[in-house]
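Accompanying notes for the structure given below.
Order of writing sets the chain letters: A, B, C and D. Residues in each chain are counted from 1.
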């Protein structure tokens, strides 16, 4: 089973890669059929991924049902080959002095690693990976099929498909890799694919600028991931997720290996742990477009719409979610960092939703919506509970469906409108393109959280997870068995102290913190002093009042989401029929190759949430993911309950939003006066996207430009000047000496004679009696 | 004569003076833009001083009587050689070089190398130099050109040549002043032959084979035969035996070299002439 | 066999000839005079070789001089051909006319300061013309202007 | 050191005096002889009037050389203004000195009886430089020095006739030295020595003159000697009809005399060499014998025979002069390089082969027959060479000039001249010195 599954796993990235290479090689020859290798590759990969998903589900067993039952982690590793092996990468002293100086002990089981450093090209298959692979390849396949119609006239047709296939390959590798370094590599690879696809129409200045912007902003996050990777290796002595059984019988414990996961104290907290987690958060912010690094995503809409749907809505932007989910045990060890994840997510979700309310560009509405929904997922991740993680993945799944659907629908509109995407310039399109309108409406309902569409259930789980954190007492009964775990003797001191601050009942995650970095935790509560207070402050954020605020922010965001979604629907598809003149005479429904994926996605958007929620398949399935089987996490598992109160709150918020949108826009001309005229100064703030770009320009770009000018001057005038001056020396010598090369043979001979004479004289002087 | 001269080692001062005056003389004599009659006369004077200085440094002026012929021919050779390189007119240069050849030939005869002395005249003066003159007269019928009235770096070259001569003189003087090193000592056989030839000139073992053909006793045109050495009464025969005995292969190679040079010269020339005739044919 | 004094005498003569030839080949610019100087050096070498040969009573030196003569003859033949070809190209026997081997950007070395030709140009005897003069350029003289 | 001249030196001085006096006289009277022969050949009267001065005694005109000499000596020694004075004056001296110095190595044979003078060998050889091992080379060396006289005289005259004459002369002399040397080498090979007296003695002892033993060598040497002496038909250097007077056009008075004397000395030298090398020297079968022990009568006889032979050769020279027309220069060069050189090589190889296998021949055939074969083989080679040369050498069969254009086309001549003026370096030496 393992070997065959592993072999199949290799196929998932390999097939798109082959497709990409085939497209590159054969693209010109195939002409209008250049999509064939890529689509075939992605399609085959999708089939394989689905098979793997089924296989994994089979192995997990029933999967559904009792969350209290300890779940056996399901993990299959296939090591293809060793990429690089270094005998002793650590000089030895570094472990002794450097890390101790930081104050963080080397985690147990890593000191005997001897600094050996090896990078295996290892792929892993676990429920999380299988789920994501299915999403990636499935959505990728649909997008690729859609693109056949969308891109049919483009001169870069083969290039587009090669890039899409390459992206699917990179993304599959990213989620299938079992090593932080490989993750980093493919993290960069998807970034590169994203860059190339945003700048697909590179002759367009806006596209080129947007690509550059996306790339540069992503660099900030990538930098965080790089540092995090370094720190991980310094801390744990390995970068592997999995345990490695060496030939001599010893076991190198992987960071997310089952040995370390089983050990409560296996993860470093404190300064180092928090730093690692915050750096990972930074990386996730970059890739998943969270504040303050979200600015690239709206601009990335300059790329082809299928690329936007695939990369900037459904898959690549979820890489941050994946990273945090995968590193869940690390985050769980650092509650401050976890809380920061939620804070960042909630803030992003709210701000992006606010901005989205005033956007007139259909794709930009969807882009900000994406940012907002990703923020939602971050909020869920930040709860640090089993419910939160599964909710985030659940929302990721449903969001992939409905956001891809919405983007493709927007692309369909754009395709029909001759490239015009400004909602004010068209209207009433439901009569022109009914399939697009219907599927778009399904997607909008899903996004807005209208029951029983997919978004409703996933959003409900997120709100539930938040609510559980905000009101731990309300969910107390669900944590019955968690309390006994917290009373283990080694956790007692920290747990008791925390218990004093939270008298109602001991809070599990907090007790875990005290276990891993108890001195810091003690310092945070004033028992002892002398350690950094910032960390105390950060951990102190993990307070129900904070979570309460975050809950309400999320609820507000849900309402806003419903508003801007239906605003877009109403502006585009209702009211009198108007078509911009760029559309010409072919303002018609898109071809079936484009509408078919829409329909498929619409079906998925409509029913996936209900099916998954009703069967509770996803949470049971994901619980077998090794990362999520950490004891501290597993203890937060709750029985599968539908929270009516929260559902009602969410639905209410959505209904209010839809109602406001209907009041403002239903049946009106889309170019009529907008809602934002009631917003006053806030309208300007939203329309200018909270002045993020301007703030960045003023705070970072301008000083950097000034610094660049300065350094450029330094480089050109002083460094280059010095180098040139040094270069001038031999040049001057040369120009002086080459005057001797007059071409007159006699002078050459004279020089020779003089030289010989000098030698003879020297010899005579040496041999003198 | 005593092979090891009793005079002191060449004084450095004398040598330095000789070198300096030779350099100055050469510089003054070589064709330059700033030539005057006076400077050339001074040059000649300095040249004479320098040459006598070198001769004195060489410490070989002890016996005029026996070396008179040698001194004469050597003087002719050296002075003509100097004239060869300082004369403006290339034709005169060639004539002076012919004089040098005569002098060198004389030196060789004095040294007892009859064949080489005469062969030098035959080959050099008779063939090579005539060809040079031929070409000179064809190429430059007026005799003198602007580039014959200037020199290339006369000062440096004169200094280099003078210093080189000084070094050579120094080493030659040291050669005679010191005991001859082992490598330079006469072979014992040669010593024995020399001793025997002094006692009984006609019993030279080396010349016995040819004695039947050798009707004349050893009276040579070259008066300077120190020690009555008759070892070269059959000089040509010996040289021939040496050439065609030990060095036969080298002689063959030299013959091939001559042939190759001949063919090469004709090839280069006739290619030029071929174009000439082509040109003519075209013109017809 | 010759005594050591004769040896040093001859060596000195050889050295002088050699050095004079060296100076000549370095300074004189007429190609043929340069060759003469080279031959002068060869003469110096020949004298030296013969002197040593006679001093040692060994024939090798004289044999070598025979080869020197041979090589000189070859050299003269080939060199004269090349000199003639060179003359055909430049119209001069000037070694400095050949400067193509110089550094690319360097200017050609040109004699700026030539000594005045101080020789007296004699007046030529003129005969009264007889017969019909061919049509032609009177300024073009078929005579050499001077020796 | 005895400052008095030794007996050998004194003897040499005496010989030199005798030689110079005799040669000068001979040269003068050979001029008379030539004029007589010219007159005889052309069937007219030669000089027959000048006899003893102030008397009516004519003596068949034997006084003519004296009168000629006196006249030419007393003429104005005119030096043109445009000549290179130094070389102009040096040239005749060079040529005369070289011509005279040749005789230092030429032996007159053992023509003196024993004198018994202490310090001198017995008999005293009538040879200025006895014991010169390289006699033949000496002759060569000095005849090549003589080239300088011609070359420099022509060049220094600053006259194009003289210049062309000088160039032609040098080219001719250099070219014919090679066949001359090849003819000589056969003799040297046969005799085994470079010494002329040894060669002479070898012929006397064997009784076979080399003219008979090496006919081809003899012919080659003879022709080359004519060319070396610049006698007709090879007198290209001073071809009167072409070059006015050749290299001595500008000379007059005593300098011209020196040139003329040198020419005659060349002829005498050539005659001497021919006689000594090929005609047995003083040897005559049945008359002189080959012994080295001779008395006065024998010595005088030998001297007479030698002189007679030389006179005969000179007369032959003169007869040839008045019998044959002049060669063209290209024919001259063709003859040297394409006929004489190969023939000389054939001769040399034949002689070398014969000499190499002579011991085997003697052993196989006996001395008499061996000598006959040794003589017959070179004759066969000679005939074969003659035929081959005649067949394969075009210039030997076709004497008409190879015309590439109409020689009377003045326009073309002018154009050609202009072309040559524009690019004087394009003229090849042979073209300049050639028939154009």
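By definition in this document, a residue touches a chain if its C-beta (ideal position, glycine included) is under 8 Å from a C-beta of that chain, and two chains touch if they have at least 3 such contacts.
If you're wondering where the values come from, they're calculated on a predicted model, not measured in any experiment.
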{"item": "Interface ranked first by C-beta contact pairs", "value": "B-C"}
{"item": "Centre-most chain, if every chain is reduced to its averaged C-alpha atoms", "value": "C"}
{"item": "Longest centre-to-centre distance from chain A, chain (CA-based)", "value": "D"}
{"item": "CA centroid of chain A to CA centroid of chain C, Å", "value": "89"}
{"item": "Geometric centre distance via CA averages, chain C-chain B, whole Å", "value": "16"}
{"item": "Whole-Å gap separating chain A and chain B, where each centre is the average of the chain's CA atoms", "value": "95"}
{"item": "Cα-centroid distance, chain B relative to chain D, in whole angstrom", "value": "30"}
{"item": "Numbers and ranges of chain B residues touching at least 2 other chains", "value": "115, 119, 127, 131, 135, 139, 141, 143, 152-153, 157, 160, 164, 269, 272"}
{"item": "Shared-contact residues (touching 2 or more other chains) in chain C", "value": "22, 26-27, 29, 84, 87-88, 95-96, 144, 146-147"}
{"item": "Interface hub residues of chain D, defined as touching at least two other chains", "value": "84, 155, 425-426"}
{"item": "Residues of chain B that touch chain D when the two form their complex", "value": "65-66, 91, 95, 98, 114-115, 118-119, 121-122, 125-127, 130-131, 133-135, 137-139, 141, 143, 213, 215-221, 232-237, 269, 272-273, 276, 280, 284"}
{"item": "List of chain C residues in touch with chain B within their complex", "value": "1-13, 15-24, 26-30, 32-33, 35-37, 39-40, 43, 46-47, 50-51, 53-60, 62-63, 65-67, 69-78, 80-85, 87-88, 92-96, 111, 113-115, 117, 119, 144-147"}
{"item": "Residues of chain C defined as touching chain A within the complex", "value": "22, 25-27, 29, 34, 95-96, 98-103, 106, 108-109"}
{"item": "Chain B to chain C touching residues, read off their complex", "value": "1, 3-5, 26, 30-35, 51, 54-55, 58-60, 62-63, 67, 70, 74, 77-78, 81-82, 84-85, 90, 93-94, 97, 100-101, 104, 107-108, 111-113, 115-116, 119-120, 123-124, 127-128, 131-132, 135-136, 139-154, 157-158, 160-162, 164-165, 168-169, 172-173, 175-176, 180, 184, 186-187, 189-190, 193-194, 226-227, 229, 231, 238-239, 242-243, 246-247, 250, 254, 257-258, 260-262, 264-265, 268-269, 272"}
{"item": "Footprint of chain C on chain A - complex, ascending", "value": "738-739, 741-746, 749-750, 753"}
